[in-house]
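Listed next: structures, encoded as structure tokens.
Next come two complexes built around chain A: one with chain B, the other with chain C.
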Partner chain A sequence: MAELSQSETRSDARDAADAQRKSGLNARWHRLSINQKQVVWAWAFLAIPIVFYVVVRFYPTGNAFVLSFQEWNLLNDREWVGLENYIDLWNNDVFWVVFVNTFEYLIIGTPISLVVSFFIAYHLDKVRFMHGTIRALYFLPFMTSAVAMAWVWRWFYQPVPIGVFNNFLAQFGIPQIGFLNSTTIALPAVLAPAVWAGLGFQIIIFMAGLRAIPATYYEAARVDGVSNWTMLWEITLPLLKPTIVFLVVFSSIGFLRIFDHVFNMTTNNPGGPLNSTKPLVLMIYETAFGGRSQMGAAAAQTVVLFVILLVVSLVQLRIMRDK
Partner chain B sequence: MFSGLRTTLAASALSGAALLAAAPATAQVEIEYWQYYFGARVTAMEQLIENFEAANPDITVNMTHFPYANYRTQVAAAIPAGEGPDVVQLFYGWLNDYVEAELIQPLPEDAFPAAEIQAEFFPMVSAMEQDGRYWALPTAVRSLALFYNERLFEAAGIDGPPETLDELVEIASQLTERDGAGNITQVGITTGMTGQDHHWFREVLVRQMGGVPYSDDYQTVTYADEAGQAALDFYVGLEEVHGVTQGGFMDEAQAAFRAGRAGMHIDGSFRIGALNDTRGLEWGVAELPAGPDGTRSNYSSYWVNAITSQAEGERFDAAVLFMQYVTSPEAMQIWLDVVGELPARVEVGLTEENANDPVYGPFIRGLEYANTTLFADESAQRQLLVEMVERVQLLGDDTASSIATAAEAEQALLDDYYGD
Partner chain C sequence: MAVADDLQIKASSETLLNTAAPKRPRNYAQFIRWGLLFFGGLVMVMPLVYMISTSLKYSFEVYNLNLIPEEPTLDNYIYVLADGRFFNWFINSLVIATLTTISTLIFDSLVGYVLCKFKFRGRYLIFIAILSTLMIPTEMLVIPWYLMSQQLGWLDTYWGIMFPGLMTAFGVFLMKQFFESVPDDFLEAARIDGLNELQIWWFVAMLLVKPALAALAIFVFLGNWTAFIWPLIATTDTALYTLPVGLSSFGDEADVAWELIMTGAAISTLPTLVVFLIFQRFIIRGVVMAGLKG
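Let's look at the complex of A and B:
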């Protein structure tokens, strides 16, 4: 009996304290003005994406920078090794091949995809007949899974008897081309479907840019009797500059990060033959998730990729900035 | 608003506590077993666990499996965090890393006497011994053999599979077909270092040419000599000299064989299941052909089970019992019947029935003279042999310099791995 009353008293006291705390918080909340309350709520909602980004993006990014100065195979404790990962990378022959490949993807891929997509967008813009259907057809590859597409193209490129391209050549007695089995042709062969896949998106953006140019400029030009060619160079392209800047930066980043097409078209011999198609991202993947799980070395490669992306984007933005 | 939230939190905390309190009621010992996902392996393990639990009613084994691609990372992340299994399946090549990181503990000597294991298991299992103690044991092992297409053999009037490398070349040339333009449309034998050929080269061809691929501890590369070059000449010669194959024919060697466009194909015992499922394909299996002086060799690999360092007390005792069962003759026979992987114990492997089985027989007989490469990084080491052949075929390098380059790169990789 005594025990019961004691515990009752204790719980009474706790309730009282709770009530007091509650009223304190409530009172403080009620003292805020409506504006202040709105600010509190705004921050409460904003906190969700901020926390998400900090936890999922910024923390791992920072961690990767730290890791690039360490050695870690997932199993052992991390060990500080200073600049060793970077020095090893500098002395690694494969890295330099990969470095050149990465820029080849960029230097071949970006201009070709931009010129082709502009050409298509420019003409598609003038077509009225089945405009929507044609546009959808160009956009389809962009929505297709890169993995599925890479495998289909991989089979296209096979030697006879299964490769479509080589079967076609063989029918006319033309010697086969070892598309994926050549140190020179393999990279463009892998790049082709990647360019094709990106076209749809670029065409849509270009067409939006074209539509945004006021028709009055063209009307005025036509009244002055200016040729189509001059209109293209003097009106269309200059006014498309923001669109072009966006697409150059966007597609450059895409080509510098190319992975799925290469990996899936060369799974048996990733980035081969003889590393001739290996981009930096694939090298990072192999270093990190290959047999030895060299996380530190992979992090160092990631930092290098980060710097490349940063520099290329800044240079492009500076060059193409409005003067 | 705030008080409402707090009440909810308190309520859910209470109900959570109630759940936790209800859980540990029985005196059962529960142990956790992890393996990677492969349909037949999971089915077989379920059967083993059922038998084991029937014999040991006070022990419960929970199996968790992961996709192969994530398996290594998952295990590596979980054990140090104390979340992992008590008994874990590992690839034999990972043993070093796990011993060094103290993620697994040695098997107790009284339950697994080293002398007994040496006497009863196939010889390559000795790779699981370090400092006189065994750290892990396999249920099943794998080896290589020559698959051949019986229909193509019959059509070409060939009696049986080749016994020697010379016969291999001879038969392969009879089976090769080309179209009018000279393009190969059917290969006599598949090749490609990206498949199992790099094992065939390392442990079989190099030894058959009179060489030794590595030092005994597999830390020194020794194949860059005349024997190694002869092995590479033979291998590259299949395409360049004899024209009986084409690297990358039909994308993948096993695909070409399954499509009936290849006369012969060297592959592991794990391929049996896929071939069984291929309609219209009639195939046979033979031991790998002998070398010029009659030398036979083979390559064997395996997955092992080990007790992790987090199994302690009664969980450790239960894990030992479980390990004893999964490495018992009974378990091995179940594994062979369900998965098609070869028993790791000689007495089970070489029973009259198993050793003379038309499909498993050649693989099992190969185990007697098989070698197991101790890889530091199998995919990277395979890649070096892939590139060795590519340098000859795509860049026109001579075999001597190409094998020297490969050996040098592989030695650098081994030094880097064993150096720290």
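Let's look at the complex of A and C:
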């Protein structure tokens, strides 16, 4: 009770002070020039966003770097260990398997999805009849959730008599494929739904790029008797370069960060069989939240992920800008 | 050599003038192209069709590859929804995705507007600082967010799931681009009419960038509706799961009851699919806009 009344009187006092300051502020506000007022408005508008970016983006980023040099399992005190987390990671055999897997997702996923989506976009661009319907068919998978589709594809991959693919193969007398049980096929099998779901977006972006190329270029080429194939290589692809660069970088980052599909298609043995599908993000998740709570080690892994993403994007931009 | 070149030019210009003869094989090729594209499109939606078809089947029919169930039933939906959890997760996802979308639209457009239309020292620095956060992968922030939420008691709350997504750097960039197309004269006119800066932003500038807001809304809503890793980490209480997290745990638990898993998958996918089919043209335009400007 006493506390409450005390706080009330305090808030009364604050109100009074506020009112006083307000009248003072008002007078001062009117003395400001238009430009000065603009500056005040700008910072007032930016106040909440700045707090957000500092607290939810910059501070955690710094925290992740700091944590990567510490050892902490949430229970004991944080302990500085220098580069130990990174050295442990370097000497960890599983990490190198995971590292290779992560790049396998990138190296298989990006070229296939780009070539297929360009092929479809190139031809769909020349089709008028039911154009919108066909485009919608290709785009629909993009609107799905990765988790739901991972479970659908997981069902597809089951052995006979459950799985759709193996049932289909059996009808033609083709032997069974243990999609998710084989150490060699599991990774592409997990990757397939990720490629599938992303195609729609890439097709739409490619078609917008194709639409932006002036028709006069093609008309001029046609008058010169240039073949379709030459037009594709000499006009379409060079003029499409900004679109291609964007899609390469964008989809590479996506494949390097693959997680939802792998996690949900291998819940019984995450990243299995024998770590053959485990990407770096899944390893991070397991290190931090898989029971042992090795926060420092997991933070070091996220720093490695950050460096990988940065280096891959920069290398891609450099290579493609030079061309 | 020169003669041959001449001949070639002549032949091609002739075919240009003579439209009837060479067009027939072209139509034929066009027909094949259309057929293959259409077939490819059908293959693309096959997983979705199978998902829906299986969700309408009894368990004994699941192993049958037919697309149209022999005995269609809504039993799976009734079973899954009567259980209560999916309904709960659906509401969680809806509330979280809606609130984050609203917050993102307001703050991203506000920041984009200020960075575009206000001249003040530090503007460029703030823009670069915000853009630089695009380079940092979510996975890197997830551990600090978790530690922060744990200390502040945000785990297993709506706020805890939502706070990392309340603003996006991508949205700021997109909105800034679009505000460039709003003429300063409009804003100046409103200023002379006595509107304050907040009113000018909300009543004048925002109305002029509606298409961009819609495009951003689609991306942000879809992103939050399907978000997985952070809600997975931020919740341990099943009552607070979002649809993807719930489906993931449900799938494990249902084990081999594939018709139930497909029903759960359908429940979490159908809303966005239906929205897409209704606003198709609009959404595709939005995606292109966001993709190309972003």
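Convention: the second predicted complex is superposed on the first by the 298 of 323 C-alpha atoms of A that agree within 3 Å, B and C clash if a C-alpha of one lies under 4 Å from a C-alpha of the other, contacts with A are read in each partner's own complex, and residues count from 1 in each chain.
The rule is simple: a residue touches a chain if its C-beta (ideal position, glycine included) is under 8 Å from a C-beta of that chain, and two chains touch if they have at least 3 such contacts.
Since this is a predicted model, take the numbers as computed values, not measurements.
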Exercise for the section: Compare chain B and chain C by how many residues of chain A each one touches, and report the one with more. Expected result: C
Problem - Partner chain(s) touched by A:G132 [first = chain B, second = chain C, both, neither] - result: second
Exercise for the section: Would you check which partner chain A:F289 touches, where first means chain B only, second means chain C only, and both and neither mean what they say? Expected result: both
Handout entry: Touching partner for A:V98 - first (chain B), second (chain C), both, neither
Key = neither
Problem - Partner chain in contact with A:S182 - chain B first, chain C second, else both or neither - result: first
Practice task
Go through the superposed model and pick first if A:P161 touches only chain B, second if only chain C, both, or neither.
Solution key: both
Practice task
Using the touch definition from the top, say if A:V262 reaches chain B (first), chain C (second), both or neither.
Solution key: neither
Exercise for the section: Go through the superposed model and pick first if A:P273 touches only chain B, second if only chain C, both, or neither. Expected result: first
Practice task
Give one of first, second, both or neither to describe whether A:V190 is in contact with chain B, with chain C, with both, or with none.
Solution key: neither
Fill in the blank from the handout: Both partners, chain B and chain C, contact chain A at residues 74, 154-155, 158, 161-162, 268, 289
Fill in the blank from the handout: chain B contacts chain A in the complex at 2-3, 72-73, 76-77, 80, 93, 97-98, 100-101, 103, 179, 181, 183-185, 192, 194-195, 246-252, 261, 375-380, 383, 386-387, 390-391, 394-395, 417, 420
Handout entry: chain B partner contacts - residues on chain A that touch it in the complex
Key = 22, 25-26, 29, 71, 73-76, 154-155, 158-162, 166, 170, 173, 175-176, 180-183, 268-269, 272-275, 286, 289-293
Practice task
Would you pull the chain C residues touching chain A in the complex into a rising list?
Solution key: 8-9, 11-13, 16, 30, 33-34, 36-38, 40-42, 44-45, 47-48, 50-51, 54, 62-63, 65, 107, 110-111, 113-114, 118-121, 123, 126, 129-130, 133, 135-148, 150, 163-164, 166-167, 169, 197-198, 201, 222, 225-226, 228-229, 233, 243-245, 247-248, 251-252, 256, 258, 261-262, 264-266, 268-269, 272-273, 275-277, 280-281, 284, 287-288, 291-292
Handout entry: Of all residues in chain A, those that touch chain C in their complex
Key = 35, 38-39, 41-43, 45-46, 48-50, 52-53, 56-61, 63-64, 67, 74, 120, 123-124, 126-127, 129-130, 132-141, 143-149, 151-156, 158, 161-162, 164, 167-168, 193, 196, 199-201, 204-205, 208, 222-225, 243, 246, 253, 257, 259-260, 263-264, 267-268, 281, 284-285, 288-289, 295, 298-299, 302-303, 305-306, 309-310
